[in-house]
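Letters A, B and C name the chains as they come in the text, with residue numbers starting at 1 for each one.
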Amino acid sequence: MRRLRAAKDKAARYLMLGIGIFTILLLLVIGLSLFFKALPIMREKNLWVLLSSADWKPFKGDFGFLPFILSTFYVSLIAIIIALPFSILTSIYLNSYASKNVRRFFEPVIDLLSGIPPVIYGVWGTLTIVPLIANTIAPRFVEFSSGYTVLAGGVVLAVMIIPLLISIMVEVFRSIPKEMTDASLSMGATKWQTVKKVILRKSISGIIAATVLALSRAFGETMAVLMVCGNTAKIPHSIFDAGYPLPALIANNYGEMLSMPSYESALMLSAFLLFIIVVLFNGLSRFTLNQIERRYQF
Amino acid sequence: MKHLEEKIFKVIMICAAMIILGVLMYIIGTVFYRGLPALTLDMVTKLPGGGFYLGKEGGVLNAIVGSLYIILGSLTISILISVPLVMYINFYLPAKSIFSSMIRFSLDILFGIPSIVYGAFGFALMIYLGIRASLIGGILTVAMLIMPIMMRSFDEITRLLSRDLPDALLSLGATKYEMVKVILRQLMPGLVTAILLAIGRGIGDAATVLFTAGYTDNIPTSLNQPAATLPLSIFFQLGSPVEEVQNRAYASAIILTVIILILSFSARYFSSKFSKNKI
Amino acid sequence: MISTNQHTVSSYTNSFIGMDEAITLKKLIANQSIRIENLDVFIEDQHILKDVNLTIPEKSITCIIGPSGCGKSTFLKTLNRMHDESPEVKISGKVFVDDENIYGPHVNVIDTRKKMGLLAQRPCPLPMSIFDNVAYGPRIHGIKRRKAINQTVIQYLQYVGLWDEVRDRVRKSATRLSIGQQQRLCLARGLAIEPEYILGDEATSALDPLSTKKIEELFVKLKEKYTIILVTHTLRQAKRIADHIIFMYLGKIIEAGPTEEFFNNPKKQLTRDYLSGSFS
């Protein structure tokens, strides 16, 4: 009996250890297999040429990733520029000003926003943002725009990353000891002054980490962006031009292009690029956030 | 002067919060406004008929059932992996173990990997193993996507559990394995919350199933057959030039949104129940 | 399934009434006692217990008192090897339970813990029914027959005076009980694994005075058959129920002795200061 119990315990322990190792290895396996799949194209062409050329003619063997990289970058940048002020202001409001009831009301709102599937955001974007840009905003600046633009992608993406930003920032603000804000308030500072001088200054690293995390989420977002961005393989020259971010490139072409090994390899290279950027950004910001959490744990 | 600034910023902040609330309403409102006229009972009870994509009759039952199959399959896999792992890092490994922080860190990173990368990796893996786009391919890929989501949220809840219960069990002479079995009962509402969250993410994601699950107008009868999914069904219908088909895309979007709303609210219900039990 | 169980329980009780005095709680083992030699405990770099040498007399109540942070709870945890769960705790020295060093090389930690019934500061019912709470210990330790389990559960619930209060809801969740009832349930649960020792870690500090009184009465009743070691922060409680007192300060045992002598005629200046309330 006692032997059996001990044996069960031991078996469970080894099984769990195995799963733990598997989880750590999974990350490595994903990275390596993407890398090896991307290797042929990197052997064929200089990596720098691939990344810096704007010529995308897969059937002629030209694979220039620059339009896609720039599109990804622009779309994400627009998203962050729009989302950041909203998120900071809202999370300060929720943390320092809002009553308990308001906070309790806003929690499900944030949850819902982050729970809505990308496709729904895409549907919403094509129904509202795209026509808005085509008919109202773009005509003031350029002669013609279809509405399916870098800007549309940025706006939709902004809405998608706001819940992520807010939920992390609220955590970061909450990690500031109450004594610190109380000390500022007791010296006669207004709440806003306290926010400016104490809370924002103390949580600057957390805000940066949240921003980086949201950026990496934006880099990888596929469906919603694909639905509103226009997807033409040219470098966008203004925010009213169509863009073609990396994830959309993969989604639109991968799976059908297996007959062309170099094309497949090129698409895998873009997946690998995404993977590397996201892992780096994620790793850095999660590390920072973990440090913040640990610092204020006691 | 400083009080004026205070007031101005307070107003700005309230505006920001209100705009976010407004956008949520706007999104849900838009989808419902455009989709409701096309939402009929046929949509949820019938398969796409001949000429469905030209505006003739039929529904998206294939996609609803396909999504359900994929989520159930991937859920089973990820529960089988997440639950033991979360128990391991919380109750088997010591509190400040390097191994457990390594696992948590890699979960954080896996959590951040975009679904399209999982999709591409899953597809490459399937080619390597010789599997066509099929139900099993979709299940495996979605499982990779939702596993870190489930683990992280279950882990967060598990970390809140006080040491009293494990100590009580150990002092009765329970082995760790016996201890964990009892603790899981206590953590059940937390696990349900984590599962609902994972379902929400898994059922709505299109990029993972785009290459791996394929698409079909029928309900798959075996793991090797392709399966349709709700997000892809929306995506494809929206791409149609026919207006009826586009409207049905909005109706399908309502179906997906309602599923997500229900999941989200039940997750909230369960997690609030959990915090009550915790005292 | 559940209803049949309930039926068994109630039919069993009927035949049980009037018999509770006849129950022999357990076979008594002669000369059970705890002896501690040169015990040192470190948590990370902190020296928590310093060279503890001690004998705890059998079948009596020994109370450990001292200001908070003096190492009382750490000491109690060394007795049932709960520190095994925390790798940052280093233990050296010997703890003899029934003449066997529990920190010896071939000792099974589960056997050691089975010998010690622990009553924690806050009652912590397991997430299951009242019945299953008490049945949990016997079940994991290999008792399978339903009749034997029923008998054990009822016996110990009666022993802690809970049976009459809960007899019609033993299949309901244990979390619905009042906190005092929960603590008595935890005591019954601990007794059901048939320990030889009972460890109490400020077991009444979360309870109201009435529940405290009930628990204290139980301890006094239990000392006929068990060796009881209690950590307490109230001097009055120690005075009320203890046979022996151990006074600890900063990880050292300052003074130990019979209750009366300890309170009326303390030998050390530190003890006198503590008793007069100079520090706490």
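Structural remarks
The criterion applied here is as follows: a contact is a pair of C-beta atoms (placed from the backbone, for glycine too) under 8 Å apart; a residue touches a chain by one contact, two chains touch by 3 or more.
Predicted model only: the values in this text are computed from it and were never measured.
Which two chains touch most often is answered by the contact tally, and the pair is A-B. Put simply, the chain nearest the middle, going by average C-alpha positions, is B. The most distant chain from subunit B, with centres taken as the mean of CA atoms, is C.
Rounded to whole angstrom, the centroid-to-centroid distance between subunit A and subunit C, based on C-alpha atoms, equals 54 Å. Centre-to-centre spacing of subunit B and subunit C amounts to 46 Å, using the average Cα coordinate of each chain.
Centre-to-centre, using mean CA coordinates, subunit A is 17 Å away from subunit B. Residue positions of subunit C touching 2 or more other chains: 110, 140-141. Touching two or more other chains at once are residues 5 of subunit A. Across the assembly, subunit B contributes residues 175, 178 that each touch 2 or more other chains. Here subunit A touches subunit B in the complex through residues 5-6, 8-9, 12-13, 15-17, 19-20, 22-24, 26-27, 30, 33-34, 37, 85-86, 89-90, 92-94, 97-98, 106-113, 115-124, 126-128, 159, 162, 166, 190-193, 195, 213, 216-217, 219-223, 227, 247, 250-251, 254-255, 258, 267-268, 271, 274-275, 278-279, 281-283, 286-287, 290, going by the rule given at the top. Of all the residues in subunit C, the ones that touch subunit A in their complex are 108, 110, 140-142. Subunit B meets subunit C in the complex at residues 94-96, 164-175, 178, 182, 185-186, 277. Subunit A makes touch with subunit C in their complex at residues 1-2, 5. By the touch rule above, subunit B contacts subunit A in their complex via residues 2-3, 5-6, 9-10, 12-14, 16-17, 19-21, 23-24, 26-27, 30-31, 34, 81, 84-85, 87-89, 92, 99, 102-103, 105-121, 123-125, 127, 133, 144, 151, 175-178, 180, 197, 200-201, 203-207, 210-211, 231, 234-235, 238, 249-250, 253, 256-257, 260-261, 263-265, 267-268.
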